[in-house]
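Supplied in C-alpha cells, the structure appears directly below.
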Amino acid sequence: MTASTLSLEGVSRRFGGVLAVENVSFSVAPGEIVGLIGPNGAGKSTLVNLIAGLLRLTSGRILLGAADISTAEAPEIARAGIARTFQTVRLLKDESVLDNVAIGFHAQQKSPLLARLLALPAALAEVRATREQAFAILERFDMAGFAHVPAGALSYGHQRRVEMMRTLALRPNLILLDEPVAGMNDVEADALGRIFQGIAGEGIGILLIEHNMRFVMSLCGRINVLDSGRIIASGPPAQVRSDPAVVAAYLGA
Amino acid sequence: MTLVFQQILNGFVVGGTYALFALGFTLIFGVLHVLNLAHGAVFMWGAFVGLFTVTSLGLPLYVAFIAAMLAAGLISVLVDLVAFRPLRARGSPEFAAIISSIGVAQILMSLAQIASQTQVYRFPFGTFPIVFYNVLGLRISLQQIVIVASVVVLVALLLGILFATSFGRQIRAVAISERTAALLGISVSNIHGLTFFISGALAGAAGVIIGIAFNSVHFLMGEPYLLRGFVVIILGGLGSITGALAGGLIFGMVQTLSIAFLSSALSDAILFGMMFLILLVRPSGLFGALHRQVRVVRQ
Amino acid sequence: MIGFVSSLQPLGELVLVNACLAFSQYVVLRAGVFSLATAGFASLGAYGAAILAARHGVPMPLALVGAGLIGAVAGLVLSVPLSRLRGVYQAIATLAFVQIVLSLALYLEPVTGGAMGMNGLPRLIGGWELILVFGVIFYAMLALSRAGIGSTFDAIRQEETVAVSLGIRVVDYHRLAFALSGALGGLGGGLMALRNYSLVPEDFGFPLLIAVLTFVVLGGRVSPVGPVVGAAVLTLLPEIARPLADYRLLVNGVLMVLVIIYWPHGIVDTIRLHLRQRRHAVSQAAP
C-alpha cells in the first residue's frame, strides 16, 4: 500500500449553534507520530469522528494523499487506509482473540460473494489464509497463547493489544488512536508506546489523541493542542510545553 | 355530504379510543425506551375485569370502569416486574425487552383463554342505554358522547399528572435521563412502576370502552389493537404524548373513511402503508419527537 | 408401533417446514437486522407457489424455486429503504410489511381467493422432498458460517461502529441478509402451500411472526443448529407432553421469558459459549 499523508484543511464542525471544531488544519505524514491533546470537551473525539467518517464536516476538507475523503462513508475511509481504535475498547467479546483479529482482514477479501455464499474451495482457502495471517500477527505481539480465548475474558491491557492487532490487520497507512492508554499504568503504557513506535517505524502515520501528557511528550515528534475546538499551539513537545496559551488552557485559567 | 360528516364524526370517536390505547403504549416507550408488546394483553384483561364486575358482581358500569383501570394498572406493573425489570438489571438491549414482553403477552392471553374457556363474552343488554340524538342532521349516540367525554377526562388527567404534579416531573426527569434522575434522588424503579401503572390503567379504560362499543370481549381482542397501536404511535412519533393523541385521531378518520368508501381489507393496507411510509420519510413521526436509531452514516 | 411411527411423520415434516422459516428469521437476526418480515415473505412464497403449481401446472421444483425467488426479490426491495433504519424502527416497519401483505391477500380476491383462501391444492411435497430441501438449506447455512459471511454478520450485530471502521460495507450485508431471509421465507411458505391442501391469509399473520421469532430466540441466532433445535423443541414439545398441548400458548410464553432472561443467547449458542469457555479454562491450566 502506498503511504500517503493525511491533511486537514480548515476543518470545522458545528453542532446546533456550537462550533465543536473550528478551522483546524494539520497533517500527519507516513511514519510520523503526531499528538493531539487538549482538555476535556476540546473537540478531540469530534475530530477523530470527522476523519473516520462518522461525522459530516460543516466546512473544510480532509485529504489522504491527493484524494478528498471529506464525504466518504466510514467503510470507504477504512478501505482507503485509515484505521482507528476507540476510546473504550470495542471488541467482539464472545468471539475468540483470533477471530477478532481475523475480522480486520475483511476489506482485503477477494473471493466473490457467490463463492463465499456457497463456501466454494477458493473462498474456504481464503478464510484459512486469513486466519493464518491473523495468527502471524498474534505471534508478533506475543499473544498466540490467547488465540482461542474469548476476547471479553482478557485483561484490559491485553484487550487494547487485540484492538491494536485488529487495526494492523487492515494494513493501514494511518492509524487514529483515541486515548489508547487511558486507564493504564505507566509500565503498560510504555509497553504499548514501544509498539506504536515500531508501527510508525514501518512507515505508518499515527495520530495519537491522549490525555496523558507524559506519554504524548515521550512519543510524538509534533503536537497539536486543541482548546474549545481551535488549535491553540502546534509544534515539537518542548515548544508546546512552554507555550503560555497551553499552560493557561491546561491550568483552566 | 352528510354521509362524509357522519363518518368523520364516527372516525373522531374511534380515533379517541385508539388514542387512549396508544397513550399508554407510547408513554412506556417515552420513559423507558422499550416497546411493551404486552400492552394489548393488558388492555384485553381490562375489558375482562370490567365485564366480570358488571356480570358477576352486578356492579354499575362506572364502578366496572374504575375496577378495570385499577386491575389493568396492577397487571401492567406485574408485566414490568416479570418482563422488563430483570433485563434492566442486566442492561440488556431492546431486542430482549421485545421478546420478553411478547412472552408475557402470551402468558396473559393464555390465562384469559383458560379463564374465559375460549368464549366470546358480551356486556348484558342494557348495560349502556341506547339513545340517539340528531344534531345538525348527524346521528350521535349517547355512547359516543360518553366515550369522547371519558377520553377527554382521562387525557386531561394524564396531562395533569405529567405536567402539574411532582410525580409527573419525576417521570419526565427519568424519561430524559435515568442517571441524572437517580442523582437527583428520584427512585427510578418506583417511577418505572408508576409509569407502567398509568399506562395499564389507560389500557384498561380503553378495554372497557371497546368492549362495550363493539359488544364483544375475548382473549384475542388485544392483538389487532396492539398492531394498530403501532400505527398510531408511529404517526405521532414514538414516545410523544401529544403525537399519540393526534395519531389516534388521524388513524380513526382514515380507518372509518376507508372502510366506508373502499373496503375493510384495503383499509388495513392503507393504514399500515401509511405507517411504513412515515417510518421511511420521517421516523420521528409527523409531530417529531426523539430522533435515534439511524444507521452508521456521517451525521 | 406402525401407528406411532406414522403419527410421527407429519410431525417430523412440520419440524422441517418450521426450521426453514426459522432460518429466514435467523439470517436477519444474526446480521443485526431486527426484521420480522418472515411471515410476509412466507405469504408471498406460499401464494406464489400455489398459483404456479395449481393454476399454471408448473412442476413442483420450479414452483418452489419461484417461491424462493419471489421472497428474495421482496426482501431485496424491502432492504433498500429499511437498511436506513435500526432497532425498533426496523422491527415496526417490517411488522407493517407483514400486515400489508396480509391485507392485500384478503383484498386481492381474484388472485388469492380473499378470506376463503385457496382450497383443493395438490399435495406435491412429502417427507423425502422436505428432507432434500431442508438438507440444501442447512448446507447453505453452514456455508454461510464457514466462508466468512457469518463472522461478518456477527461483527455487524455486536459492534456496528467497529464493523464500519474495519471497512465492512454494512448496508450491502444488510441487503444480503434481507434477500436471504426473503428467499428462505418464500421457500418455507412454498413448502407450506404445497403440502397443506389449502391456504388462507391468516396463516401468515402475527401468530406466525411470533412463532418464528420464538424458534430462533429459543434455539440461538449464531450457530445454524440453533434455529433447527428451536423449531424442533417448540413443535414437538406440545405433542410429546400431551397435557401441555392445551396450554401451548402458556408454555411458549413462559419459555420465551425464561430463555431471554436467563439464556439470552438461546439453547445452542449458550452451550457453545459454555463449552468454549471450559476448553479455554482447560488449555490455560495445561501449561
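Going in written order, the chains are labelled A, B and C, and every chain counts its residues from 1.
Everything that follows uses one rule, which is that a contact is a pair of C-beta atoms (placed from the backbone, for glycine too) under 8 Å apart; a residue touches a chain by one contact, two chains touch by 3 or more.
The shown structure was predicted, so the numbers you read here are calculated from the model rather than taken from an experiment.
Peer 1: Taking each chain's centre as the mean of its C-alpha atoms, which one lies nearest the mean of all protein C-alpha atoms here?
Peer 2: Most central by this criterion: C.
Peer 1: Among all chains, whose Cα centre is located farthest from the one for chain C?
Peer 2: When every chain centre is compared against chain C, the largest gap points to A.
Peer 1: Compute the distance, rounded to whole Å, between the mean C-alpha positions of chain A and chain C.
Peer 2: That pair's centroid distance is 39 Å.
Peer 1: Using mean CA coordinates as chain centres, what's the chain A-chain B distance in Å?
Peer 2: For chain A versus chain B, the centre distance works out to 48 Å.
Peer 1: Need the CA-centroid distance for the pair chain B / chain C, whole Å please.
Peer 2: It comes to 30 Å between the two C-alpha centres.
Peer 1: Could you check chain C for residues that touch two or more other chains and list them?
Peer 2: 161, 164, 170
Peer 1: Mark out which residues of chain A touch at least two other chains, giving numbers and ranges.
Peer 2: Where chain A meets two or more other chains at a single residue, that happens at 53-54, 73-74.
Peer 1: Which chain B residues sit where two or more other chains touch them?
Peer 2: Correct list: 296.
Peer 1: Which bits of chain C are touching chain B when the two form their complex?
Peer 2: It comes out as residues 34, 81, 83-89, 91-93, 95-97, 99-100, 102-104, 106-107, 114-115, 160-161, 164, 170-171, 206, 210, 213-214, 217, 247, 249-250, 252-257, 260-261, 264.
Peer 1: Which stretch or stretches of chain A touch chain C in the complex?
Peer 2: 52-54, 73-76, 78-79, 83-84, 86, 90-96, 99, 102-104, 106-107, 109, 111, 113, 115-120, 123-124, 126-127, 130, 145, 148-150, 153, 166, 170
Peer 1: Inside the complex, what are the residues of chain B that reach chain C?
Peer 2: Listed in rising order, the residues of chain B that touch chain C are 35, 82-83, 86-87, 92, 94-96, 98-100, 102-111, 113-114, 223, 227, 230-231, 234, 238, 263, 265-269, 272-273, 275-276, 279-280, 283, 293-296.
Peer 1: So in the complex, which bits of chain C are touching chain A?
Peer 2: 140, 142-144, 146-149, 151-152, 154-155, 158-159, 161-162, 164-170, 176, 273, 276-277, 279-280, 283-284, 287
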